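In what comes next, subunit A is part of two complexes: it sits with subunit B in the first one and with subunit C in the second one.
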Partner chain A sequence: MQTKDIDENIAWAKINADVLRSMENPRMGYWIAVVCCLAMVSCAVVAEIYQYQTGLGPANLTWSQMWGLYIATFVFWIGMSHSGTLLSAILHIIHADWRKPIYRFAEAMTTFSLMTAGLFPIIHLGRVWNMYWVLPYVSDRGIWPNFRSPLSWDAFAITTYLTSSAMFLFIGMIPDLAICRDNARGWRQKLYTVLSLGWQGDDRQWRNFRRIYLLMACFLIPLAVSVHSIVSADFAMSIMPGWHVTTFPPYFVAGALYSGCAAIITLFIILRYFFRFEEYMTIPILEKTCKLTFAIAMVWTYLNLIEFAATWYGHDMVAKELLYWKFTGPYAPYFWMMLFLGSVMPFTLAVEKLRRHLPTMFVVSLFLNLGMWLERWMIVGPTLSQNYEPFAWSIVWPSMVQWAIVFGSFGWFGLLFLVFVKVFPSVSMYEVKEMVFHRRTAHRPDLAVSLHRRAEDPQPGSTPSTKGV
Partner chain B sequence: MSLKNVLENWSNYRKGAEEGGHHTYEHMWGMAIDLNKCTGCNACSVACYAENNLATVGKDRMMKHQGMHWLRMERYWDEPDLGGDDNEFQVRGGSVLPMMCQQCNSATCEPVCPVAATYHTPDGLNAQVYNRCIGSRYCSNNCPYRLRYFNFYSYYEESWPAPLHMQLNPDLSVRDKGVMEKCTFCVQRIRTAKDTAQREERVVKDGDVITACAQTCPTQAIIFGDLLDKTSKVSKVWESQQVVLGKAKQSKENKELRGYRVLEGLNTDPKVLYLDRVREA
Partner chain C sequence: MKRYYVMGLFSNFEEAFATIAEIRNHAVPGVSVDDVTLKSPIEHPEIEEVLGDRGSPIPKFTLFGAIFGMCFGFLFLASAQATFLVQPQGGKAVIPLPSNIVLTYELLILFGVLSTVIGFLISARLFTRRHPLYSEKVSLDQIGILLELDEKNVNPIKELFGKHKVLEIREEVSQ
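Up next, the complex of A and B:
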């Protein structure tokens, strides 16, 4: 049974070769995946064009149920973006080096799911063409957005998070882009030459690089937490039963990390299988991700129970009735399914035998994400169906227009990800080397000395030289 | 574009927000609806359709909750407080509640609009600026009364086939698809009355403005007027019912008084007063 996170004997050149190999010559399967994603996106595009021309009526939105799947899926995608930051920033700061082979694609996932999420508030607008009014651009007429509205906070939070996480992804990739540059020909070489910003790998560059990377990590952690708290404010700041909940910010952040970690497991298994990354994305690393996911799932479950308890003890009749109704009403199958998938399903992650079985984990991670998507729908849907005014109580199921756009968003995300894995290294080469180096020094000092220590380097125990080399 | 202009506007905006918006109201338009008098005939709703150019959406869309009835007649069949059951209406008949935008003084829809398309006017009205609306529909989701209606389709071209377009009220803005709208307390009539009063160099008197619903109600169940004018008819009803603005819970001395405001416990401070229907037993 494999217990080591990574093989300590692995050679630098092999790491480079394996990762660079994943970026060249797409095979048939890749193109099929691209075509599938394009087909999904075109479903959404057709639906959106129809909706743009006709209005929001065909989406089956009504005066009692104004948001529907769009906002639920928006929250889902925003949530998905959080685990990239968890892996690349939080685990970086706490020196959990097992994150190194898998953080790059998680970080890419962050950026792409934000790019997907950002589309939904735009799609759901009644007048899409005026969407820029939400931004505080300088206007001579002195018309500003409403800074009290959580929706305008959303606009700031998402744009900030998107630019920051894209920058973080890019900065963390610079040394790898230099490796790509040195190994590429043609348009790729030109691209990587520009993107690697003249990286030579000297000491000064590495020092500055470390500093800016740490700085970005420290900046991103509070940002990620605040972004989903602000998204939760869309609901928590309202007056509606089931939305006006104090625990929503941590609940949303936990749910976000949860669905993101589940998505990391899915993509981990896909990349490992298709790119033959068995030596980097190892089973012990998957196991660690699974344990993390399990812990977050339990936090999510706990926060769910808190919400139920708070509603129960709060004696707000409307909120209480809504909670009963979620358990027993027409949404009950979905609600129970969400509770099952979100709270019971993760126990498979606690069993070592299942955790090490890739097909099981693949299916489980997809189900966990289905559960998390249902969670968002169960936040948006039931509250709008039943709240204060009995006359407005109604059950409206989403129409094909909504489903097509939600469906297409997965294609859009997949498309971005497919482009990414062929243009950029989806495993961080320099950080895998770093990880191997540290493990080597810890477990095989003899090998480390023979491989990494030059004659002029200070010997262990001696005071390091302060002379410049 | 001058920076000075922008900065001045900004500081004015900040000032307004910090002071909680308008402090001095010129008027405070309000209503009182006597449910004892209301027969549920829907004439008010029809009048509203005629006055405000509301789109008729057809039976299917109406059933789907995509209607545009700014004033809707809500029917309730049982009254659980009285220990009733669903069969009760066969004997007693249902209850009706005409609901239009309650023009809340601390409206939940106002703070959530991302572009400030809905705001409070110095008239105490909860105004909706159609041209500013981008259709995020957050206001409707945050309205506990669900009294905001969205243009799910483009109606202005097809909803009034000739010669019906000849009866459209020219005093109103056109609303295209993707815009939220709601009862305005017939703001065009208020505007006209204020303009007339200004031309005649006097203040707006009680009775100068009457909303289409109040004008049409055959039993005169709806009373409309200025709540700041203590001599107005509507003020007197509010006073006699011991209902005051700005409170989440009324401290009525006389429990027999019928006046109540819908969902006032949410601290929305609505400006429509209902007088409860009194039934035998």
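Up next, the complex of A and C:
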């Protein structure tokens, strides 16, 4: 049974060769996945064209049910984006080096999830040509957007998050892009030459690289928390029953981390298979990711219970009625399914035998994400169906147009991700080399001492020699 | 005056660091550790103990960017909201602090990040032409020590490299 996160005897040259090879010959499954994603995107494009030409009627969006699946899925994709931040920034700061073989694709997930999420408010508008009104831009009548509205906060927060996470992804890739540049031919070499920005691996570059990576990680963690808190403010700042809840920001952040971690498990298993990354995406690393997911699932469950308790013991009768209605009304099957998938299913992650079984974990991770998607729908749907105004009470199920666009968004995300992992290294070569190097020297303290503490070596903190002596 | 560039490629950090230690101990008079550029596939965690603390100005860029973002964000929002003076406010504040704090916070981070990236591009001296002695082996698995030397020091340095089992020596002369 494999117990080490990585075989520390892997040669550095082999790491380069394996990762570079992955960008050339993936398994056939990769191409099948690309075709499936293209088909899904096509469904969404057709549905969007139909909706664009006809108006929002075919989407079953009405005055009271104005958000529907679009905003629920928007929240889902924003949540998914937290995986990269968690895995890359938080684990980087706490020196959890097992993240190194898998953080690159998690960061890519962050960027592509945000790019997918950003489409939904635009699609939901109907009048897509007016989407720029939400940007901090003065109109021709001298009117600015309402900065008191959480919807304009969203525009700021998501723009900042997308910019920062894309920068974080790109900066972290520069040393690897230089490796690609040194080994590629043709158009790839030209691309990597431009993108590697002249990286040469000298001590000045590494020193500054480490500094920027740490600083950006420090920025990204509060940013990620603020982004999903702001998304929760879209709901919590209103006075609607079920939404006006104090615990919404932490609840949203926990849900975001949860769905992000579950998606990491899914993509971990897919990439491991497609690119034959068995030596890098190892079972012990998967186990650690599963344990992390389980811990976050329990936090999410706790926050759910807190929300129920706060509503149940509160004085808002309509909110209490809504909570009761969620458990027993027309949304009950989905609500119970959400609770089962989100709170009970994660216990499979606590069983070692199941955790080490890839097909089981693949299915479980998909179900966890289904649960997280249902969570977002159960936030949006029931409150809009039954709130303070009885004339607005209605159950409106999403139309095929909504379902097609939501379905297509998964294809869009998948397509972006698959193109990324084919063109760019999905395993960080230099970080894996560092991981191997550190573990090798950690297991041989005599070597570590001889490496850094030779008798003739200067002592730490001693004054460097001066030029021209 | 001609300047000589010599780069030695080593198979591991141990030999490379031993070479630098000798340079630091003045094994070759006229060559100091300040002349050394170390090229490696990873950053060795204790490199600063070998080369000395060479510092990085990036945090200053970060601080400047964050402060600028905070000031710009708040003033931008406040000046935009000031145009609301011509509109009825219904008793609400023209410049609402709670919501502006949220947006100011976002802009603090945005400009902090952008400024940090600019700081990195400048301080790491990216966008420069690759050194003629750059070797692809440095991005693979070898450690390079690059020195800029006077002619008289070239041979002693080569001998020092040889003593530490250098794998390959590359040279370049510039006018």
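Note that in this section the second predicted complex is superposed on the first by the 433 of 469 C-alpha atoms of A that agree within 3 Å, B and C clash if a C-alpha of one lies under 4 Å from a C-alpha of the other, contacts with A are read in each partner's own complex, and residues count from 1 in each chain.
In this text, contacts are C-beta pairs under 8 Å (C-beta built on N, C-alpha and C of every residue); 3 or more make two chains touch, one makes a residue touch a chain.
Predicted, not measured: the structure shown is a model, and the values here were computed from it.
When the shared chain is aligned, subunit B comes close enough to touch A:Glu389, but subunit C does not. In the superposition on chain A, contact is made by A:Lys433 with subunit C only, not with subunit B.
Contact with subunit C, but none with subunit B, is seen for A:Pro222 once the two complexes are overlaid on the shared chain. Shared-chain residue A:Pro359: touches no atom of subunit B or subunit C. Once the two structures are superposed, subunit B and subunit C can be ranked by residues of subunit A touched, with C on top. When the two structures are aligned on the shared chain, A:Thr163 is found in touch with subunit C, with no touch to subunit B.
Of the two partner chains placed by superposition, A:Gly29 touches none, neither subunit B nor subunit C.
Once the two complexes are overlaid on the shared chain, A:Gly201 sits against subunit C while remaining clear of subunit B.
Legend: residue contacts after superposition of the two complexes on their common chain; A:Trp144 is shown touching both subunit B and subunit C. Touched by subunit B in one complex and by subunit C in the other are residues 138, 142-144, 147-148, 152 of subunit A. Put simply, subunit A touches subunit C in their complex at residues 11-13, 16, 136, 138, 142-144, 147-148, 152-153, 156-157, 159-160, 163-164, 167, 171, 174-175, 178-179, 182-183, 197-212, 215-216, 219, 222-223, 226, 230, 430, 433-434, 437-438, 447, 450-452, 454, 456-458, 460, 464-469. Residues 54-57, 60-67, 121, 124-128, 130-131, 133-134, 138-152, 154-155, 234, 237-240, 384, 387-392, 394, 396 of subunit A are the ones that touch subunit B when the two sit in their complex.
Residues of subunit B touching subunit A in their complex: 1-2, 5-6, 8-10, 12-13, 17, 61, 64-67, 72, 74-76, 97, 99, 108, 111-116, 132-138, 140-142, 144-146, 148-154, 177-180, 263, 266, 268.
Looking at the complex, you find that subunit C touches subunit A at residues 13-14, 17-18, 21-26, 29-30, 32-35, 37-43, 45-52, 54, 56, 58-59, 62, 76-77, 80-81, 83-84, 92, 96, 99-100, 102-103, 105-107, 109-110, 112-114, 116-117, 119-121, 123-131, 134, 136, 138-141, 146.
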